[in-house]
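What follows is a set of structures to go through.
Both complexes below contain chain A, partnered by chain B and then by chain C.
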Partner chain A sequence: MKPLIGLAARSLWNRRGSAALTVFAIAISVTLLVGVETVRISARESFARTISGTDLIVGARSGPINLLLYSVFRVGDATANVSLQSYQLVSRHPDVAWTIPISLGDSHRGFRVMGTTDDYFRHYRYGNRQALAFISGGPFMGERDAVIGAEVARRLGYRIGDEITIAHGIGEVSFAEHGEHPFRIAGIVAPTGTPVDRTVHVSLDAIARIHEGWQGGAHSTGATTRHPHDRDDPEDAPAEEAAQPALSGITAFLVGMRSKDRLLQMQRALNEYRAEPLTAVIPGVALQQLWQIVGVADRALFIVATFVVLAGLIGMLTSILTSLRERRREMAILRSVGARPMHVFTLLLLEAGLLALAGVVLGILAAHATLAAATPALAGRYGLFMETGGPGIYDVLLAGAVVGAAVLAGLVPAWLAYRNSLADGLTIRT
Partner chain B sequence: MTSLAIDIEGLAFAWSEDRPVLDVPRLAVRRGERVFLRGPSGSGKSTLLGIVSGVLAAESGRVHVLGADLRSLSGGRRDEFRAAHIGLVFQMFNLLPYLSVIDNVLLPARFSAVRRERAQPDPVSEARRLLEELGIAMTKAPARPVAELSIGQQQRVAVARALLGRPELIIADEPTSALDSDARDGFLRLLMSECSATGAALLFVSHDTALGAHFDRHLSIAEINRAQPQLEQS
Partner chain C sequence: MRQALIRLLTILLAFVPLLQAGAAALQIDWIELVPADKRADFDPAPPPPVHDYLTGEGGGLAAQQPLDFSVNMELEGKEIRIPGFVVPLELDEEGNVTEFFLVPYFGACIHVPPPPPNQMVHVIMKKGIKLDSMYSAYWITGKLSARTRTTRLGAAAYTLAGSDYEEYKF
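On to the complex of A and B.
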């Protein structure tokens, strides 16, 4: 074995042109496979850890997945709002421990703005029931305070005390700024690896305030009816929402139950609520449904990527088989200096293994480099947080599998060379 | 220790039943003896060399090389035996193009512990000494690729490789046929002197009778092989 590895490596180096092509073919296929797998796993984990500790998500009547997507993942838009009456009814229900209102529809430089109350900071949980923490500052205290996610702070370079304005709508570029109502950054939330990082949080009152006089998405210039007082105490916000004249409704709300026993009962009651068409979903169930849909696509991707790896290995097999004819002399020389047919066999297996190993290592490195480079874009645009801890156990297993498959494929040329070298002996046929 | 390097009696070999290739009643080469074996292509000489070097197995008769009964050894053992005790030089293209000159010479040491241990004081030093004695300029890096060598130089590198680790038997199969006459004489002189230096027996096969003068003994394959195959079967 040991005398052969060097020989195999140097024989390959001698044919480095075609060997490099083979290695690249394998590397590209492995890059694809690792990429697909990492995105798949990260997507699943990232999805699953986004929300935790919430018993129900309630929004206007729509599909559970749609509701989950816009309320938690900030993807897409709600078709309708939930009335404040319905929200208050639920939040005052004796079985309900807490509620978090969510009002979406505005943005700040491409980041979604979410109107809520400070119950959000008190009750929202993500990952393994982790509460939101602050890098600096704290929850918003007044109507002009904004709390930004870690990603927002990092990307836009914001600090506590900076002033920002928010824009109507959710595009990167907006022509309708709520310029007359600037916000001051009061807090920065520690990174969570969830869409919270990319959210600008303001109080529900502020949302109400800045939309005063806006109708149908356009600013009616004459409207100047200002609410007389700025509330500095949002503690009892849910109870006082009704006092906000401009806020007709919220996008959705999260519910925490006092007892899980009443959860299904509450869900049914909300789904059958007569006064307003509502949808209440259990986050875990909706996540699972979402994953069933996404899962089909990513299994398909995985299968495609696997076949691409197979194609890469077949390419390798072709190149080794082609080389065998012109290498019968090489085999005869090796036999004359004492190599056994078994050595010839092993030499070709090693060759296949080395080609695959080089391809796999190159592919994995390329995949992780690409993923690391693409992570900000993926996180920013699709809310996908990559597990970019570099190559891990999975990659080792993958490398083992691909090299193993390559060695299996290498049995074919190895066997042919073995037979040739038994038949040829020391005679050099050309 | 037997005094015979090659001791063959009643050897028969055929690739198929109706085409006997070899029928050798007797062939004996003493240790240290230099024997010229003359034979044209198609006379069965490649098959004979295959049997002596243990690549092919004889069907019947007695094949002893350096005292070892090759017919009683398995294929793997014969490979081991060849690696340890026999140095081979072919007509041409003896070298692996992807190894440097010195690595080509060191190949037997890679596959045989016996050759590795017998190389004095160590394989690399012996390889350098052999190359120098054979006139392969060591002033240039011995690591240079073999493709830069002339055919004559390549053949001398092949001799250095065959001699590394002092094998007791050197088999040379038409090693000079690709050389011009000047290079041929120089090559033969070097081969002879290196073989006497290590005391190795030399079985030299060629169809060029003019070379016979350098050798202790002449044989013709036609004399020793009673089967007269029409074609080289190898």
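On to the complex of A and C.
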């Protein structure tokens, strides 16, 4: 067996051009399969770990999935705000243990800014009911403090005490900076593998303060951004110079109940609340619904990737089959030095196995390298956190399956070569 | 592929509790959660929506509870097996449901008002359920607790320490 492997390898080396192409084709197909699988599994885990220990997410009337996406994953935007009155009604309800207000809509160099209270650091849970921890610093104390996620700190190189400004609107760049209200970084949250890592947290008061004077849609205290229609008469804007600006509403809020017994009553009451159209969802239900939608796409991706691997293997089969004819002389020489037809059979099986093994190893390595390189971009753009722990048991299983399939496919050329070598013997009839 | 394997294993494993726990666990129907003396006039329809739970207006919080909190004390501490739909509350890191409400009809808490408290079981699973779809029903096996947990409103609910589950075949 061992000399046969050497023989097969050297025979392949002799035809290294076409062999390399075959290996390459298998490698690409395996890269695709591993990539799709890793994205699929990590996406599910990344979704599931983002929120835990929260009983209800409440926002303006919309769909459960939409509400979950914009409030927790910071993907997309809210259709409307929730009034402070409704928020206070819930937060003061006797069955409610805690509430976390969330106010979104501003950004800092591409990272979302979230206005909240220090209850967020006390009650927010992710993964398996893990609380947020700080690498350095602590929760914000005042209106000028900001707490940043680990990813924000890493990417922008921020430390405790650095000053930052916050821009109106979301996206990498904004031309409307709240420059007159700088923030000082008070704390950095330890990595969580959730959108928290990519968030700049400030207090709700700060959000109110930086939007002071923005009610008209643009900042109106400076002469250059003066509103043409209503700023001629100073009587029109009396509220602008108010000492303590009040927030008109928040984007959404999270609710923790004292007891799960009352959870459904609360959800129902919020969804049927007459004073304001609200949507309250149980995070687990919304996550499950989200997964039912995403799940269809990811199953389809998996099927496509499997067929690409199949195509790669068929490509390998084709190249071995076409090589058989020109290798009759090789087989005859082998026979002349004492190889039995059975040896020829094994040789071709080994050839298929070696090609597939090389392809699979190359493919898995390429997939993990690509994923490792793409992780920051995926996390940044889609809030998708990959677990790039390198190749695992799954990859070994996959490699085994592909090599096994290749050896099975190799039975065809092996059988043909076996028959040929029996018929040809030492002389080749052409 | 991995999923197919896991599914196959799950199906195979599903027979294990059937063989061993099937004898020990008491298979019950939802009506048995209602105390025996109240079953005659039990209405399985969801209770009327409660509008004033939030604000407490209109007779106060206690007055708006025509809900049936009575529990069947005979089931306290029993190992039971009950079919129902899953309303996920908590997921583990792999996305399996570890904590949920088991309810007798689909859509409870989503489209229609929640069922009465004694027609709902708060389940905490030892090992999470791999929920393929919320439309599927499951048999849940575990130890039922019918203790009346007296809250401010005198609410009571069943809790179940779930040990096994199996997909319900219609």
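Just so we're on the same page, the second predicted complex is superposed on the first by the 402 of 430 C-alpha atoms of A that agree within 3 Å, B and C clash if a C-alpha of one lies under 4 Å from a C-alpha of the other, contacts with A are read in each partner's own complex, and residues count from 1 in each chain.
Note that a contact is a pair of C-beta atoms (placed from the backbone, for glycine too) under 8 Å apart; a residue touches a chain by one contact, two chains touch by 3 or more.
Being a predicted model, the structure only gives us computed values, none of them experimental.
**Q** Fit or clash for chain B plus chain C once both are placed on chain A?
**A** Aligned on chain A, chain C fits beside chain B.
**Q** Which holds for A:D261: it touches chain B only (first), chain C only (second), both, or neither?
**A** second
**Q** Can A:G338 be said to touch chain B (first), chain C (second), both, or neither?
**A** The answer is first: A:G338 touches chain B but not chain C.
**Q** State whether A:R329 touches chain B only (first), chain C only (second), both chains, or neither.
**A** first
**Q** Given the touch rule stated above, what does A:Y273 touch, chain B (first), chain C (second), both, or neither?
**A** second
**Q** Have a look and say if chain B or chain C is in touch with more residues of chain A.
**A** C
**Q** Looking at A:I293, would you say it contacts chain B, chain C, both, or neither? Reply first, second, both or neither.
**A** After superposition on chain A, A:I293 lies in contact with neither partner.
**Q** Give one of first, second, both or neither to describe whether A:P94 is in contact with chain B, with chain C, with both, or with none.
**A** Once the two structures are laid over each other on A, A:P94 reaches chain C alone.
**Q** Answer with first, second, both or neither: which of chain B and chain C does A:Y394 touch in the superposed model?
**A** second
**Q** In the overlaid three-chain picture, find the nearest pair of C-alpha atoms across chain B and chain C and give that distance in Å.
**A** Here the least C-alpha separation of chain B and chain C stands at 39 Å.
**Q** Need the overlap of the two footprints on chain A, from chain B and from chain C, as residue ranges.
**A** none
**Q** Okay, in this complex, where on chain C does chain A touch?
**A** Answer in residue numbers: 1-2, 49-55, 87-95, 97, 99-101, 108-110, 113-114, 117, 120, 122, 131, 133-134, 149, 151-153, 155-157.
**Q** Quick check on the complex: what are the chain A residues that touch chain C?
**A** 37, 44-45, 47-49, 52-53, 55, 89-90, 93-95, 127-128, 258-270, 272-274, 282, 284-285, 287-289, 291-292, 302, 306, 394, 397-398, 401
**Q** For the complex, give me every residue of chain B touching chain A.
**A** 46, 49-50, 53, 55-56, 75-76, 79-80, 82-84, 88, 90, 93-99, 103, 107-108, 110-112, 115, 161, 234
**Q** Residue numbers of chain A touching chain B in their complex, please.
**A** Touch residues, chain A against chain B: 3, 7, 10-11, 13-14, 329-330, 333-343, 425-428.
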